[in-house]
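Chains: A, B, C and D, in written order; residue numbering restarts at 1 for each.
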Amino acid sequence: MVKQIEVGVLGATGMVGQSFIRFLEGHPWFKVTFCGASDRSAGKKYREATSWRLEESMPSRVADLTVEECKPGNAPKLVFSAMDAAVATDIERAFADSGHTVVSNSKNHRMEADVPLLVPEVNPDHLRLLPVQHSQRSWKGQIVTNPNCATVSLTMGLGPLKGFGIERIIVTTMQAISGAGYPGVPSMDIMGNVIPFIGGEEEKMEQETQKILGAFTGDRIDPLPAAVSAHCNRVPVVDGHIAAVSVAFKQKVTVEDLRAAISGFNPLGSRDLPSAPKVPVLYMEEDNRPQPRRDALRERGMAATIGRLRPCKVLDYKFVCLSHNTIRGAAGAAILNAELMRSEGLLER
Amino acid sequence: MVKQIEVGVLGATGMVGQSFIRFLEGHPWFKVTFCGASDRSAGKKYREATSWRLEESMPSRVADLTVEECKPGNAPKLVFSAMDAAVATDIERAFADSGHTVVSNSKNHRMEADVPLLVPEVNPDHLRLLPVQHSQRSWKGQIVTNPNCATVSLTMGLGPLKGFGIERIIVTTMQAISGAGYPGVPSMDIMGNVIPFIGGEEEKMEQETQKILGAFTGDRIDPLPAAVSAHCNRVPVVDGHIAAVSVAFKQKVTVEDLRAAISGFNPLGSRDLPSAPKVPVLYMEEDNRPQPRRDALRERGMAATIGRLRPCKVLDYKFVCLSHNTIRGAAGAAILNAELMRSEGLLER
Amino acid sequence: MVKQIEVGVLGATGMVGQSFIRFLEGHPWFKVTFCGASDRSAGKKYREATSWRLEESMPSRVADLTVEECKPGNAPKLVFSAMDAAVATDIERAFADSGHTVVSNSKNHRMEADVPLLVPEVNPDHLRLLPVQHSQRSWKGQIVTNPNCATVSLTMGLGPLKGFGIERIIVTTMQAISGAGYPGVPSMDIMGNVIPFIGGEEEKMEQETQKILGAFTGDRIDPLPAAVSAHCNRVPVVDGHIAAVSVAFKQKVTVEDLRAAISGFNPLGSRDLPSAPKVPVLYMEEDNRPQPRRDALRERGMAATIGRLRPCKVLDYKFVCLSHNTIRGAAGAAILNAELMRSEGLLER
Amino acid sequence: MVKQIEVGVLGATGMVGQSFIRFLEGHPWFKVTFCGASDRSAGKKYREATSWRLEESMPSRVADLTVEECKPGNAPKLVFSAMDAAVATDIERAFADSGHTVVSNSKNHRMEADVPLLVPEVNPDHLRLLPVQHSQRSWKGQIVTNPNCATVSLTMGLGPLKGFGIERIIVTTMQAISGAGYPGVPSMDIMGNVIPFIGGEEEKMEQETQKILGAFTGDRIDPLPAAVSAHCNRVPVVDGHIAAVSVAFKQKVTVEDLRAAISGFNPLGSRDLPSAPKVPVLYMEEDNRPQPRRDALRERGMAATIGRLRPCKVLDYKFVCLSHNTIRGAAGAAILNAELMRSEGLLER
């Protein structure tokens, strides 16, 4: 067993923070030794400061950690950020400034030109933006981000098809309530209902998708020059964002081409990252799959599933794709980012 | 009070048949005097033959009717058909052959070239297909149909916009469980889940939409030469099919043009049909509406609602629309068809 | 048409207040001319001050009323209170003190010894407590209350059986989310789940039931000397509190005795109160009824339903009962109380 | 690694059968080598004969087994029965007759006087009924059963309290839809609803509880002479039956006595059975726990959870208990029974 790397979680007491704690429990490379939260919680044991809302019980080792303020001081070099957007900008920058590697799930830095917005299987080369970041910022550390949970579903589905030249995308999401955190969506709003609106989500999906599928050109990311249109909906599902996607390609492609690209897609295959799914994008043959309740948890929630690939009468092809929004779309995404960075020797500058 | 027209309901004991019975209760023009069903039920009182599944109690006058076989013999001239597709073709034709006007909710005759597929507010002129039907068939009566419940949501939303020249449509539906009848969707499949597939539904939506929005050219309907692509999903909602729609127009139009067309849309306004909604397509200003549980029942379930009209980065505009699938999308649709026919003097040949 | 009585609603902008506004729309006796709310809302139009959350649209006449502070000044003599418990005590007393009749849905005064806690069909004679209240308080007006929504389900079910001498009651409720107001229960807590706890509810049900079923003894209510034990649960249902009840009687009774008492139960029958259900406690013969989604709205939500009456191996009998929690259990309850008071000539002192 | 015991599953293609297959995957003692099903399925590969409905994918080794008819011939000595009640009686007896040990989840033999109805932690001594069975039946093998899924929740909760002399029990269950199998409960019946009736369930709970808590007297089980009254309800929950229980004891007991009995309860502790939970009945301190969605899966679904222990005003105490209905209440129950039998040397006569 190699020596584990100590990590901190910023915003450790919130819902996403709890997902980090749970997902890191038993991790072969990373060990949580620092829980950062607001002043209100600082000084308490994690078990006292936290209203634990996940299904499994709180990992006992972390439960006994004393929560600290979100200040760089004695935090480990590697910190995961699960902070609210309201506070994430300043704190993440303070950590980066002090030499920490901040692997963030917060939206604040995602669209900064010199910050990688990563989906490890889809755009691992965007890590090459880090030297640009190092040269442009005065930080001694660095910041890397993962996309919005709905963007993850879409870009995992599109990742294998990138090579065919994506030109236009129309996506309609049906998103789980856990995406809104806690207390999140009032049951009076969503029980037996659909809410055809999620504030800011469509803009995020459209922009983040263009950046993720964009090209690294030596000193910047050129966003994919594809038109992207998103319709975002909340549905009464606990976990798992599912999306109906129509897409047009530059190249002439057949269903067989696309299916082959999906089944051959495993860009991280040889790296042996602990959280990487064996089959990152699983094609399901049944005509009524994937489904959030039945498929979101495949490969510990890290695999995306895709199905119903067929011609579209308006664009070229259409399909359904799904991923787990709080695992693959949040905590698991950031942890996989950190694993990729370690395998690239990029965890420390 | 004018003398009421006696009507029959074919397939009266099933879920859709029950909706007809309920919706016709207290109707000012029509009075149910004939309930047709399978041999198994014939001879029993309606109350004994029927496992009533609707919220209100069974109308007592109909409850005492004796169920009859679905044979033309002594049925009233006007019959509504709520029959299963498996038997509807032959029985509807037998009734038409014997001089009955069959106003059908079944899918069997919808795509026949000489059978009107009506949404009264959208294509009332398609009734002019009836003389064509009369000349081409040997029937002494006639058949008129209404579309699939999901097509109704879409075409009600598009109806006001028809004049701008619809060229391409991508629609993603989120459909209620009541659309699948009873017992319909197993709870183990849909509870907290989305099923991204409804057998045959996408094809129906694509074809029926082209026919409804098509042009009557003197002796036939020329389907709208627009590309239509549908993604159909089942969601855990009891009543109300909601759709996310992207649309491209031939003409250059502004949001204001479209909004004006919607608010001015009331083609049946002067006719005073008992089941016609006062505002057939209601635009909702709130950014998170319409919603199935809160809006499907507006105007006794006969109004469609629409909202979130905004530019689409791939096609021209996008919006959300909703209608009640078992009322506006089934029984109410057929009854409004019959009301329109009466106001046009077309109920009897 | 008789002249309508002007009424006010205190706490008019909240969820329960909205239910009052909706239920009073079109009321033959009462007309809302005063909407009281917090300082924050006072001075705005009702439509601007209120985030309307009910299915039907906001009644337009009330929408244009200017919201006022909850002060007795120019409010009508009769006011309905839908205020939060945090503020209801002082404000209701201030109104009573100034000569108003306060018909309250708030819990604050329910257990006061000289305040009637009314279910009109069950204990109408408890209005005789009003002279006691008049003599004991310095108020120029008066206060009358209705019970907690879950207590209504139970006492409506027990009301017809009161004459047999109720000795012991064990009740397990399954309560709808609307009982918790808005935003109320987070969807993350209740979707596909049961929460076996509702703060303070079991105590309220136990005490209120004893008071409602108690006897007026000339100058006070002697609570029913029956042991009452409640288990209260939240379930994923929108409207309608259903309860499984076991009960022991002093007298020996048969199922037939109980069924006869239920079917003969209509103590308000001759009074012609506008909101009184024709059949206040409807016995359903089907073995799987009543059910909240299908039965809570009977008689505009004012009727209770009951079913499955059968022997209990521990106490004497057991049954299931149901009523609509926001109508029969809140706004409708208070309005029926006011109707009963008017028919007794007790609206004004 | 010891040599694994080969086992068969009768009714292997149904929902409960699938649970057996899943739960036995990776089992250290048992290895599925025989899948029995109806004639219709016999001869096909398991993967072809089975419409797999569980979340995880079908275990691949079993997927390749050829399904056989449910006949004793070449089945392993130990068979688990997941058969429908309609056919279980004859087939289970045929297997027992031929020398097989039948560990059954079917209801057919549960109430036979000489058949153990086991909850391993609660009445392991009832296995001593086997010699009685051997002497009374002509079978060369034997039959052992586990209770109905709702009875498991109740008896796990009551097991630790047995020593205080249980006299009266009133239990109200809120049961998950998975308890009804597939297709099971129509979504139109249960979505946003409660069904206060499950056919035959109340009788099963009342009788089975008395047998399980009864005393082995050398040649028979004397059922617990306690009155048991059950109210059974279906609620919109996927997995996990939760029950609200009131109980009266012969002895005077305190809450502390009961809590101590629960926390000290671990009768199988020293046996090291692979499927036995470390803490069989976990007391949860939070006032709103246990909850089905959050707690049913504890210890792989084999632990029961209990909470809210408090005085009852009618009987002595009341509490809430929960267990996973398809794991602890079905497949897992039977497998734990077989593990207990093996540890007692009773798997083979």
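Note that in this section a residue touches a chain if its C-beta (ideal position, glycine included) is under 8 Å from a C-beta of that chain, and two chains touch if they have at least 3 such contacts.
Here the structure is a predicted model, which is why all the values come from computation and not from measurement.
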If you walk from chain to touching chain, how few steps can bring you from subunit B to subunit D? 1
Spelling it out: a chain qualifies if it touches subunit A and also touches subunit C; which chains qualify? B, D
Subunit C and subunit D: spacing of chain centres that average the CA atoms, whole Å: 43
Taking each chain's centre as its mean C-alpha position, how far apart are subunit A and subunit D in Å? 40
Which subunit C residues reach two or more other chains? 191-192, 236, 238, 293-294
Provide the residue numbers of subunit B that touch subunit D in the complex, in ascending order. 53, 177-178, 182-192, 236, 238
Report the residues of subunit C in contact with subunit D in the complex, numbered from low to high. 168-170, 172, 174, 191-197, 206, 227-229, 231, 233, 235-238, 242, 244, 246, 287-294, 307-308, 312-315, 318, 320
Going by the contact rule set out above, which residues of subunit A touch subunit D in the complex? 55, 57, 191-192, 238, 293-294, 297-298
